[in-house]
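In order of appearance the chains are A, B, C, D and E, and numbering begins at 1 in each one.
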Amino acid sequence: MRSDFVFVGILVVVATLLPVVGLGVARLIRPKKPNPVKLSTYECGVESIGDAWVQFRAQYYIYALVFVVFDIEAVFLLPWAVAYGQLPLYALVEGVVFILILALALAYAWRKGALRWS
Amino acid sequence: MDFFFNLAPLAILVPLLMFAAIILFTHPNNRLSSSLAIGGIAFSTIISWGIVLATILSGEHIWEETWQISIPWLPAGTSVLWIGLEVDSLTAAMLFMVPFVCMLIFIYSQGYMNLGKPNQDPRYSRFFAYISLFAAGMIGLVLSGSLLLLFIFWELMGLCSYLLIGFWSFRDRDTEDHIDEAQVKRARAAALKAFLTTRIGDVLLFSGMVLLWAYTGTLNFSEIFQPEVLEHLAEITIWGLPAATVIALLVFGGAVGKSAQFPLHVWLPDAMEGPTPVSALIHAATMVAAGVYLVARTYPLFVAGSVAGDGSVLAVVAVIGAITAFFGATIGLAQNDIKRVLAYSTISQLGYMMMALGIGAYVAAVFHLLTHAFFKALLFLGSGSVIHGVEHGHHEIAHHSDHHGDDDFNPNDMKTMGGLRHRMPRTFWTYIIGTLALVGWLPFAGFWSKDEILGEAFHLWREGGTFSLPLWVWLAGTLGALITALYMGRQIGLVFWGEPRHGAAEHAHESPHSMTTPLIVLAIFAVIGGLANLPSNVPLVGGELHHFIGEVHEVSEVVHSEALALNAIVAGLSTVLAVGGLIFGWAIYRNYRVGEVEPFQRWLGPVFTLLKNKYYVDELYRAVFIRPTVWLADISFRFDTGVIDYLVNLVGRVTRVVADFGGVFDAKVIDSTLVDGTGKVTNSFGGWLRQTQTGRVQNYVLVIAVTVLLLLGLYLYL
Amino acid sequence: MIPLYWWLIVAAALFCIGLYAVLSRKNAIAVLMGIELMLNAVNLNLVAFWRYITPQALTGQVFAIFVITVAAAEAAVGLAIFISVYRMHGSINVEKLDTMRW
Amino acid sequence: MPADQIVRYIVFLILTVMTLGGALGVVVSRNLFHSALFLVLSFAGVVGYYVLLDAGFLAAVQLLIYIGAIAILILFAVMLTRGLMDKRQSQHNQQWLIAALVALLIFVVLAVVLWQVEWPVASEQALASPNVSVSQLGQELLGPYVIPFEVASVLLLVALIGAVILARETES
Amino acid sequence: MDATVSWLINLIPQMTEPVARLIVDLVYAGALAFVAPVVVVVAFTYMERKVIARIQDRVGPNRAGPFGLLQGLADAVKMLTKEDITPQDADRIVYNLAPALAVIGVILVYAVLPVAPGVIGADLNVGVLYVVAVGGIGTMAILMAGWSSNNKYALLSAFRVVAQLISYEIPMIIALLIVVLAAGSMQMGEIIAAQDVPFLFTLPLAFIIFLMATIAEIGRSPFDLLEAESEIVAGFHVEYSGMKFAFFFIGEYMHLFVGAGIATTLFLGGWRGPFLGEVISEASILGVLLGFVYFLIKTVFIVFLMIWIRGTLPRFRIDHLLDFGWKFLVPVGLLGLIAVALVLKLPFLSSSGLMWIGLLVANILVIVVSLAAVSMAARRSRSVALRGVVGADR
């Protein structure tokens, strides 16, 4: 039995060659004249201070959080959607309940201002 | 008729939904929140009564074939854990009481938590969310068709009781100045104590469930109670005992924890730290009833265990019940906190139920459970009303005299009350009705149910022989009845008669209608509740409950599902004791003055001190369980350092343990030196012990991993 | 076919590496990564058993999906706790988080 | 051995190097960001394993959830709490040696057991045609597992609420 | 594909079927990985510049070759010969890995793109899920690039971009869910087969959501915050130059094409078109070529649509952008999902014709209701965010 994924595997290997070849060719023909200024970090010409250790805001994390929750929702809903035609009417109810509970999650995050970019 | 049965899940889900709705959405709006909670439970009540009606109308049919639904909860390979609901007449009997009493308590809470008043509780909505969850838990427990689902709701109630008992343990920035530091500490401790103590029982129950699952592969009641399954259980032995016996004992362990039976009763009096409606919920309609209900529900298991193990399990139940009944009543005699008296009274009444179950009179037990729920809810709510009134009085005088100096005023202390019968007439009258029902005056509800238990015991004694178990049960019950009458007499004397012993009592007002209306409704039921199960020689209505629930479980020679006729000797004796005791207690206490030595204290002397300190059970536990634990941990940790020093201490400690044992029954020694000593010793060893508790998760996980490794090795090479 | 026990041993190795991370790393997030590795090992087992022992039934796959769900919920809440702890204590060194000590 | 079987073994070995190597990288790396990237490598190896086990749906799910979501979450958390750990300091606590020993021992015991047990492997015929239908999976999820299916959504709801409350910056 | 395999076996009789298949796969993979990027980038940069120039009333590239046709080639040569600088504080391995991953992630999506009848790398039964899942690799690459550059702007930009990507992945998944629900399969081939009426006409809501989410995923105007020069210099690849920068660039255009291609497949019936399958067999060479032409026409149309949008709309602000995703597209998508599920189970819509109409009506209803709700909310609230969404600033 030949898996459908064989082509994906082949593509992974071949696609990896693209950057390898590309960078290899470029390496052959491009100039290389480094100097300290060139190698320094570019911040609009202003001398950069410190590491790039900016304290980031938890807001980003919260977006990622809501995203994770909805991503998993998709994992459950996709088989549901595929099997939907073969399922009896109660699948509609179950699916809608599932979606509504997640909508509740969204509503909660929304109301708590978790989705507000301030 | 199936219409109402099919609605049964809603009776659980609606209060549950209300909980979610309040917590998630409506909590900023207090009035809406409490209305939602009350609406939810009212809906539950309607459905439940519908179910009761349907059960009654379906008559004999329901005994042969109970209504049930079950769904696979967790299919794991070939074995499936099922959960489901089941309705039979026992369930119906409980459903008549649980949601209804809960609803009355909810309505009452609205007044008690001062809705819309300036001193409204800061977490008003949350309170209603919690009690909704609590009610959902109890209704679910009653409706459960499998031990698994029952356990889930059982634990849900455990959680709720923790939250509610500790309800006043929060600190709020806005209202910091209203919060009494000591109260916060007490509430926290009480919540933890309730949670941990009941947990001991829960672990036992869970072990019982695991064994049952292991031997039968099912937790559904209808399947467990098949005769062949029970026989199978009776045949297998675990450590020489029949499996049925072991499982029944473990299940009873759960009931002991939840229903506050001796020796796990310690949490219940402390649970009074919660708001009073919570006490009423816990003591009347829900939590403690759950334990008794559990035993009644799994009664065939107990019967099978008893038949296989020579009556041992039921005897244990009866003995524990009898001890609790007597023991709880005696402690109640010496308490000053109005709610604590009732708490010990509850413990004692639960003992009656257990002891009825133990001698095979399970209909009587359920009957007492139902009547008790009504009159105890009435008493607790009444006491709440009293406390509420006194607190208002206290606020008033504090307001007038414009000082806060009287901070150690305790509104629960009966000795500061007095003369309230004129100031709070509605509360007074309903309270008196509740008292009469509890004490067992004819024709109040308590008389019939208590009398039936005593009658059964008496009847069995006559059949069983002179010094058989029922004699002791009957004696404990009868004596308990006398003591009950005494402490209730003392209570009403102190609270409602005499002159006000404190300014607060003088300025007390009647509570609002939202509080007194439930009291009146409950009082009606406390009066007529007995009609449900009059003795069998009463024409037409006699022995109704027996007809109704008597045949829920297969009849065996151990179970008495037939109604008894009224026994004049028993009834007469207990009536005399009840009337006499109550009047006596009332008479000697109604003119009690502040500062005087109590009459009982004068007469009983050291015994009174013993009772006042609850037989030193708490101290005993500290000495017997907590200290050795500390001590064991200590050995393992300090094994290689300071051995000699350690040995010296050891001798001292052993001596102290011994001395404690001796001292437990010698009030004076304990009182003066050893209690303090125990505390100090515990403290210092606690200091040592804490060094094994590094608080680092990784150390703990490492220990787990090493243990797994050892167990794996053990399993593989042995 | 590759023998079943190869899969199982690889999963066991993955599990033990995860366990080591849980036991030894100082940084709470690294500990959480260890837990994720362990959960992956469990999933690998489930899927391998499905493929080799009951390839017709889908129980193994269904369970793997639930495990993934739980793992995600755990990661989300766990990391949120770390962020909150970091904000309060300025550190997520597991060794320093011992306020729960008796 | 037929050629495709040999390929299978080779792919298995490569994936094992990826997965276990990635896992070791997670444990050993001093830089937390690198740890997280190694974790992704390890997850990617598991994706390959799933493909090799004919669990295409799970492979995609693993890619979507672990690499596309959980790894991102972890990387975000790493960056939000960065700069705490002195990189010169050891990243391991004092019990690392005993921990390593215990982990190794558990592995050895497990490996020996797993190797010795006779697994009740399905028949050749059944092995040759595994059930990979997504539609079947959906019917399974909405059939016997419908309660876990719904509970999963509640779990996600609760997780979201809890995490939002924890991670939210309190307005001052 | 199958036809090519049998043709190959006929050509060289010694060849076994697996070997022939392997060769075909290798050739197709090579075409996707090496030929497609060059063609796509050259063609679409040219097209984009020309179209934008027309919109802005300019001429566009006109120096290199006739009509500036060789402009793309010239750019490529420039990229190849530029010096490649790695900042000294950068995390070298991760820094070099990021652009490679970015481009590999996009190429992998092509595996499930059916460009003509029978021409598809792998018709996976989880095709749609695969498209979304592989997208995660790109996200990872961006985070790696941002972090490894050790540059505040790059990191900040990477954070923003990732926030944007993950925010729009959800509406995209929901749009896909609607399609899967209607088609009853995640397989690309079956989805095309289910489109007797293209889903564009039965599920317009899903198409709109998908299109917007795709534009956002590619990071094109008006969702091109990652390149907001005035705010964060040039995005997460500020430190990249030469060939490595080129890879991000290639990735973007490859993504543009594949996004449009997936949209074509899911909503415009893919390679299906008049005559194909009726007059001309899908298996014949002519049929394949015709299918490819149909596919190209539709895809280029969608690309044109995207360029058009870029040329006419101003850029979103980040808070508007995220709000638009979470507070508009997601709820509307969920509503649409429920509506479609409902319609599919309605008993009286049993015939397929009625079903299409029912779906269309449901979709339009949802669109109307949600737009009405938003405009009402915008009128009522003074919230700038919501006004941004409906353009109610007027």
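What we mean here is this: a contact is a pair of C-beta atoms (placed from the backbone, for glycine too) under 8 Å apart; a residue touches a chain by one contact, two chains touch by 3 or more.
Values in this document were obtained by computation on a predicted structure and should not be read as measured data.
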For chain A and chain E, chains touching each: D
Centrality ranking, top chain (CA atoms only): C
Far-end chain from chain C, centres as C-alpha averages: B
Chain pair showing more contacts of the two, A-D and B-C: A-D
Chain whose Cα centroid lies at the greatest distance from that of chain E: B
CA centroid of chain C to CA centroid of chain D, Å: 7
Distance between the centres, which are taken as Cα means, of chain C and chain A, whole angstrom: 21
Inter-chain centre distance, chain A versus chain B - centres from mean C-alpha coordinates, in Å: 54
Distance between the centres, which are taken as Cα means, of chain E and chain D, whole angstrom: 29
Touching two or more other chains - residue numbers and ranges from chain B: 75, 698, 702, 705
Numbers and ranges of chain C residues touching at least 2 other chains: 19, 23-24, 65, 68-69, 72, 75-76, 79-80, 83, 87, 94-95
Chain A: positions in contact with at least two other chains: 2, 4-5, 8, 51, 56, 58, 60-61, 64-69, 71-72, 74-76, 78, 81-82, 84, 95, 102, 104, 108
In contact (per the touch rule at the top): chain pairs: A-C, A-D, A-E, B-C, B-D, C-D, D-E
Touch list for chain E against partner chain A, complex: 18, 21-22, 25-26, 28-30, 32-34, 37, 79-89, 96, 99-100, 103-104, 107-108, 110-111, 121-125, 128-129, 132, 149-156, 159, 162-163, 166-167, 169-170, 173-174, 177, 180-181, 184-186, 233, 238-239, 242-244, 246-247, 318-319, 322-323, 326-327, 330-331, 334, 337-338, 341-342, 344-345
Touching residues on chain B, where the partner in the complex is chain C: 75, 77, 686, 689-690, 693-698, 701-702, 705
Interface residues, chain C side, partner chain D - complex: 1-2, 4-10, 12-21, 23-27, 29-30, 32-34, 36-37, 40, 43-44, 47-48, 50-58, 61-62, 64-66, 68-77, 79-84, 86-87, 90-95
Chain C-facing residues of chain A, complex: 58, 61, 65, 68-69, 71-72, 75-76
Residues on chain D engaged by chain E in the complex (per definition of touch): 3-4, 33-34, 37, 40, 56-57, 59-61, 63-64, 67-69, 71-72, 75-76, 79, 132-135
